[in-house]
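Two complexes follow with chain A in common, the first pairing it with chain B and the second with chain C.
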Partner chain A sequence: MRSWWSKIFGDSSASCWFCQSPRPRVIGDHVWEQLCAGCMEKRKILAYPQCKVCGKPSSIDDSFCYDCQRTPEYERVVNISCVEYNHWARLVVQQWKYRGDERLSRPMGLWMASLIKQRFLSRDRFLITYVPCHRNRVYERGFDQAKQLAHIIGAQLHVPVMDLLVRQSYQDQQQSKRSREQRLQALVGAFSYQGKQMDVSGQSVLLVDDVYTTGSTVRECAKLLRRANFQPVACTFARANSEYV
Partner chain B sequence: MNRPLVKVVIGWLMGVLCVQLTGGQWLLYTCGFMVVLISGVTFINSEVRGSYLLVALTCMVSGFVYSYTMLQNVSELRIASDEDIHVTGTIESKPIRDGDQLRFDLQLAQIWHQSKWIHTKERIKVVIKIESMKQWEQSQQVRRGWVIQAPLHMERPSLPRNPGAFHYRDYLQQQSIFWIGKSTGLQSLKQIGTESSLMTWIDRVHQLFTDQMAHLYSDTEVQGFMKGLLLGDRYDVPMEWEEQYQTLGLVHILSISGFHVSLLVGALFLMLRYVGMTREKSAWLMLCFLPFYVLLTGAESPIVRAGLVSGMMCLAIAWRKEKDILSFLCLAALIQLCFEPFLIFNPGFQLSYVVTAALIVGTTPLANRFPYGYEWFRYTLAGACVAQAASFPLLVYYFHESSLFSLMANVLFAPFFSVVVLPIGYGSLLVSFLVLPIGIWLTQGLTWIIQFSQNGIEWVQQVSGHLFSFAHPNWIWLSVYILLMVGSWWTWVSVRYVHSKIPWLISSVWICWIGVGIWGTFWPASHHEITMIDVGQGDAFLIRTKLGKTILIDGGGRLPYPQKEWQKRRNPFDVGEDVVVPFLTYQGVNQIDLLVSTHGDADHLQGLGAVVKRFPIEKIIRNPLPTISKLEKEWTREVRGRDIPIHIAPIGQIWGIEPGVSITFLYPDFRDEALYGGTSNNAGLVLLFTIDQKHILFTGDIEQHAEEKILQAWNLPKIDIYKVAHHGSKTSSTEAFIHQMRPRYALISVGEKNLYGHPSPEVVGRLQKAGTQIYRTDQMGAVTVRINQEEVQFSSMLQEKGRE
Partner chain C sequence: MKQESESVYSFWEGRLLLDPEVERFRTLHFPQQSEDEWREMIQRWKEKNWLSVFPAVQLRDGRWKCLRCGADQAFIFFTPCGRCERDTCASCKHCLLLGRARSCQYLYQFVREERDREQIPRVVKPLSIGLTAKQSAAMQELSAYVKQHVPSVLFWAVTGAGKTETMIPVIEPLIRQGKSVLWCTPRQDVVKELAPRLKRFFPGGIVSEHYAGSSDKGMLSPLVIATAHQTIRMAHLFDLVIVDEADAFPLEGNRALEHSIRRSKRTGGTMILLTATPTDSWIRKMRKGVLPTVLLPCRFHGKPIPCPIWKRETALWRQIQSHQMNRTVQRIMDEITSTDGQALWFVPRIEDVRVVAEWLKKQFPRDEGKVDFVSSTDENRTRKMLRFRDGSIHHLVATTILERGITVPQCSVIVLRADHPVYDRASLVQMAGRVGRSLQYQAGKVWFISNHKTEDICQAIREIQLLNREACKEFRG
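What follows is the complex of A and B.
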């Protein structure tokens, strides 16, 4: 029941995408501005300069980070991310993925879409694909989180989304709960390419995922896509920075 | 976004528009509304039906309200114009003493008419002419609330006599004032009582502050300026300053504007909070203070607006409710319109609300899109841009000019005044009641700052060519402008166009559209236009050709008569400044290609002084004789100072202006001995215009001698339009001259009830005998002639007397 005051004067405030607190409503807001003051303070946009491959903030302009230096050149995948994977981002992702708050895909997807528009849309033709979940995991969660993001981005940018990859292995322990070495181990043979063999030489494909920690998942998927003659680039919502892995 | 009040205001505006378009025909739009309502109920889907019905219903209500109040808004006095009556009544407004005039509004109680007292409730305007210095001093005693008895000469407010001139009758009618009572001498005013009300008490407090300010500021100009700024006494601001601020688009900071009120309320609120009061208590305190402040500073519509909105803000704080300024603004508009429906036609009211609404909606999104800079700077810049863009169509519609520096001046000066001058001004005023020396010390610093900024403003002012005239815009130009403005704002602000070129595209189209407003359409007009401007007793003709060439022949004027210091008005009437320049601006003139000065008499030349100052001029043509009068010498010096070439009329030559338009210089011959030493009238320049094979003869003030000379030297063709020489004096337009020309039409530029008795009945008789149709400014106001190959059309401002 609205009070007589708000019946006369209307509701001028809206709610934050991520925590439902009231926020001022401004015409033409970008999705990342539609946050309450609290979220605005906690979320952290990745600072420049960044590693020119994986997007990790670094102190030197136009350089490779230590991780990217360790990976061989043919395995490197260019990645862009919206926010740093800090405590706030972790809570958001947890609420979305593990507690099934499916609505959050929308702001995350829109946020990623406008980032992609800024950084990648100069490439003339590209496709969108995503890092898939195992079908058992989809059954557990009720939705495939990366697929949802990919479809929102695709609709926003008018770019087709294709299911090119499929997840083969299903493990009890989730990726996010392992160490670097364990992850690298576990990923071998985790995905396979299921798309048709097409003549796509040089076609860019955008790989969508939610969180970029070490980049191993993205690189593994990219390897398969490269084998099918695609040129993969990646976009993730959050990206870990060294102190918070 | 659910804002019912915004919908109500939109509906209200639509209702007013309907009444304006249909002229208040009840049946027509009652039927229209029924159709709208029924279709709304039946066809519209449920989601928007609520808003649709709300808008439609308010539209209907406001339509009925306006057509009803318009019908009711007529005078109840059954008196004739120019009648002398006795009245009693109460002074309703603060009396304003301006030079030798005392003006106030009078709420009538009864009038003595046809030898009986009649009760009435009408309001009239009273203008009393002060005759002596003693009366001038006494007039300061006249106060609001006096019950007076006076004999008054009743007149209807004047109608505009030139296209685009101020419509005084409509303006007063919108305040439900239909008569002006005039009287001479203060002794005719008899005080028979005093009614005290809240306002008389507030006037007393106002007087207290005014007196205190007289102690504080030693410089009279700065004192007047600060009175305007702090107490809303617009009439104390020096006229020169006001004009400078007006041309730079800064006039809103001169008198108390709504922004000042919000700023003051905000500052006081923060102060109370700092002292340690709760938010709620400080809000209640502010609510008590606001009405007092609004009344003290004159309660003009922008101040009332700001007072209402700030009041609602305080109420929201006190009751801990949500604050939505846009809805508050809409409610404030509705409250003001309920009390005075006709305010909606007032330019000040429109500007105030349109700009505020645009600022509320537009500033923050735009400021968020500026990539660099401090936040306060981004907000100032965005606010200035939004306010400029939103006020521009209204300024062009009502005032027809705009300065290129307006945006820059607003960004530079407006924050300076609100952050520096205003707080120190109020602070020093309040402190001075406690410790006078500190107040004086503060104001000395302030005086220095203001004079410094004034120098800056004057310097900017002197840069020529920053002021553009815009011809009166039609609705197509206006609506396209508004579409482009909103469109470019939206594309800049919206997420959709972040990295695209569309915002740039739309904004450049928008700026080009402003250019179209300045330079008019790109194709030639269908007619050449000659306007006989109504300058009273005097001559002024504007010729605009099809291709847009502008020729001005004389500029009217009157001899300045000596006045004592106390008699001088704040803004003395000047034909050039108040008639000719506004008319040229209204026509969208940005440059005068040829200025013709026939001779040096005041009624032809004096008005050109203001024209030379305002417009760039290509060249000036005058008669070949030396300058005699002091006025002409001064004027020539002014012209030389501006590097405008002055040519001597090449007698006997023909000048082509553009295809189809040429000027033949007929007279005077500088070898004619008789011209030297005689009156200047016979030395006047005589021009024959040939426009699309029509001959138009401009004769200045020539008399019999000159006419004879012209007849000797030239074989005149049949003249189509004859500018009657010397305002129709009987010493000119001789029988022989008229017989030779046989003019089809005659133009007489002459003042109403002039002292010379022009035009003389003899001349009118001579012209009528020759079968000439006469157009004269004293009866018809300005007369416009439109000429092309096929036709000659006449139209005049005061149509009802037009075709006799």
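What follows is the complex of A and C.
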């Protein structure tokens, strides 16, 4: 019965962006509402109040979180994220990055783009760059995940995307399998700046990455961008809340 | 050297792997082998025609095709690739979850067509399964088909007939002769449940389980229990392939999985389709006589399957949403409590699960602590199912994921909104089949509650009546 009904009146169901299971279609939804009931229940949008700098939800007010208090002021980077890095987000990122399901980069990119529109786009002279993968890793995976996100966001917001950074070191062990100390240590000298020296004083640059855990990757990249006179801000898809590091 | 090559090959035989998987297996199982040695070995195997290497996704006669899972053009998508650095590189959507197959990646097929796999006879513990007369008759029929190398056989056994027990004596002589057997199921849960049961009968490393994340994926033992997706990594290996619940979700109508299961069977091997609810096309083939069929219409205890009772309740869904009592549900609840039973409540959609559970809790405060809900997206669903099985939950609201493979002795079944299109004939029969599976408790009933009586409801009821009549005939004759 359903088949002729949908033939005449058009299909009223669509599939979830992330798990491809059916969901009701509503015209004009935001990306984060185009999910099935199961994903909707499990994804967790970061709650307010948040830390002013890194976007970590705190229970008290929107002052600096403990992590940001520890880092010196010139190293702090403002970060916004779409969801909390919980079990669901971890599965999504796994399927996208390690299993190579590139189709997921579109909803993730759109989701991030709408968030950026709300928070950052008021700044003038805006530019997008991303946290790059090493050549070998790109060969293994077949795609550079943050680059894809950056290009989707750029196309959505009509903002140019530039390759400013390049990853120098290649580690056998992935970043997501290391502890906090190991991460901080391994990142020293991992990136280098490859853009031209140009007069960009005060230009904002948006750094795109997939997961924000301790923020060390983002801070390391931001350091290089600052040296080239950019003003970096960051946007990530998922953000770890302390218990899930 | 020759000997060594042979023994190394026996590890690889019957596999179908992508480059990265080959690399992973090499570092895991042959860490001391050097790169040159490996290349030389591959060269030798290629010359002997023991190994063929080809791109995983290929353009054939103008159509793209994934040679790994057999999916056709509809499943192929094109992206810029960081591997071959071309703008369009084809990859397969269908077998994405098993690692991405691309047109720039090679597929290694370790198959020796002309020679049989080395057959090592195994010692099997003498079996001590008490089969009923009907079961052993079915068993002998199946064994005969296997001996005659019939390519595919349908084994239609009603729910609760003891399919697994009947299959074990069919497998046993094959294992004894050193042949290999694949037991493939659509779901991971079934593999995990089945493996310990089979390990009891076939101890000592004969059984290995293959599912996403299992530990013994590395070895191909004589009896492999695998999810259907894992068979994509195997080719021309098994003398007997048993497809459990062959009509269940990922298998039914999925041509790519069908292809890969058929490919995992060796030429001259037999495929047995185990099911309680064969699809229409199989029944048609069976009537034509193309598909040999073994029918087992009675349960092991000889009692009939309870026939579903259909009730029209037009207001039920509105009542649930506005938290009102429903008299039919009240009566059903009373009946279940008076017979000291448990109940499975099926709802069509995931989001309804919670609503119905809340409603039940509110309407029946007596049973409040004993109501729970479960759906496919639930993280601790195995725990909830265990609690339902040991009786600390009396009423479990679930989606169709629980329609197969769950056995709770004191169970009744209520299907809410049975006219919803997600319920087809097969799933209604399967849900009805959860009831009355133990000889001790026969008070369980099946209720279908809906606004309309759909074709599927009628067909399900008719099929159950037909099978019960068939069973009656056998008992008389």
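As a convention for this text, the second predicted complex is superposed on the first by the 235 of 245 C-alpha atoms of A that agree within 3 Å, B and C clash if a C-alpha of one lies under 4 Å from a C-alpha of the other, contacts with A are read in each partner's own complex, and residues count from 1 in each chain.
Please note the rule applied: contacts are C-beta pairs under 8 Å (C-beta built on N, C-alpha and C of every residue); 3 or more make two chains touch, one makes a residue touch a chain.
Because the structure is a prediction, the values reported are computed rather than measured.
**Q** Answer with first, second, both or neither: which of chain B and chain C does A:118 touch in the superposed model?
**A** Touch status of A:118: first partner only.
**Q** Who does A:139 touch here: chain B (first), chain C (second), both, or neither?
**A** The second partner, chain C, only.
**Q** Looking at the overlay, does A:42 come into contact with chain B only (first), chain C only (second), both, or neither?
**A** After superposition on chain A, A:42 lies in contact with chain C alone.
**Q** Once chain A of both complexes is superposed, is A:72 in touch with chain B (first), chain C (second), both, or neither?
**A** Neither partner.
**Q** Give one of first, second, both or neither to describe whether A:30 is in contact with chain B, with chain C, with both, or with none.
**A** A:30 contacts chain B only, not chain C.
**Q** Which parts of chain A are in contact with chain B and also with chain C?
**A** Dual-contact residues (chain A): none.
**Q** Name, in rising order, each residue of chain A that touches chain B in their complex.
**A** 3, 5-13, 25-31, 33, 114, 117-118, 121
**Q** Where on chain C is chain A touching in the complex?
**A** 20, 77, 79-83, 89, 91, 93, 96-97, 99-100, 102, 349-351, 375-377, 379, 421
**Q** Which residues of chain B touch chain A in their complex?
**A** Contacts found on chain B: 1-6, 316, 319, 321-324, 326-328, 331, 361-362, 364-365, 368-369, 490, 493-495, 498-499.
**Q** Under the definition above, what is the set of chain A residues touching chain C in their complex?
**A** By the definition above, chain A touches chain C via 1-2, 36-39, 41-42, 87, 95, 99-103, 138-144.
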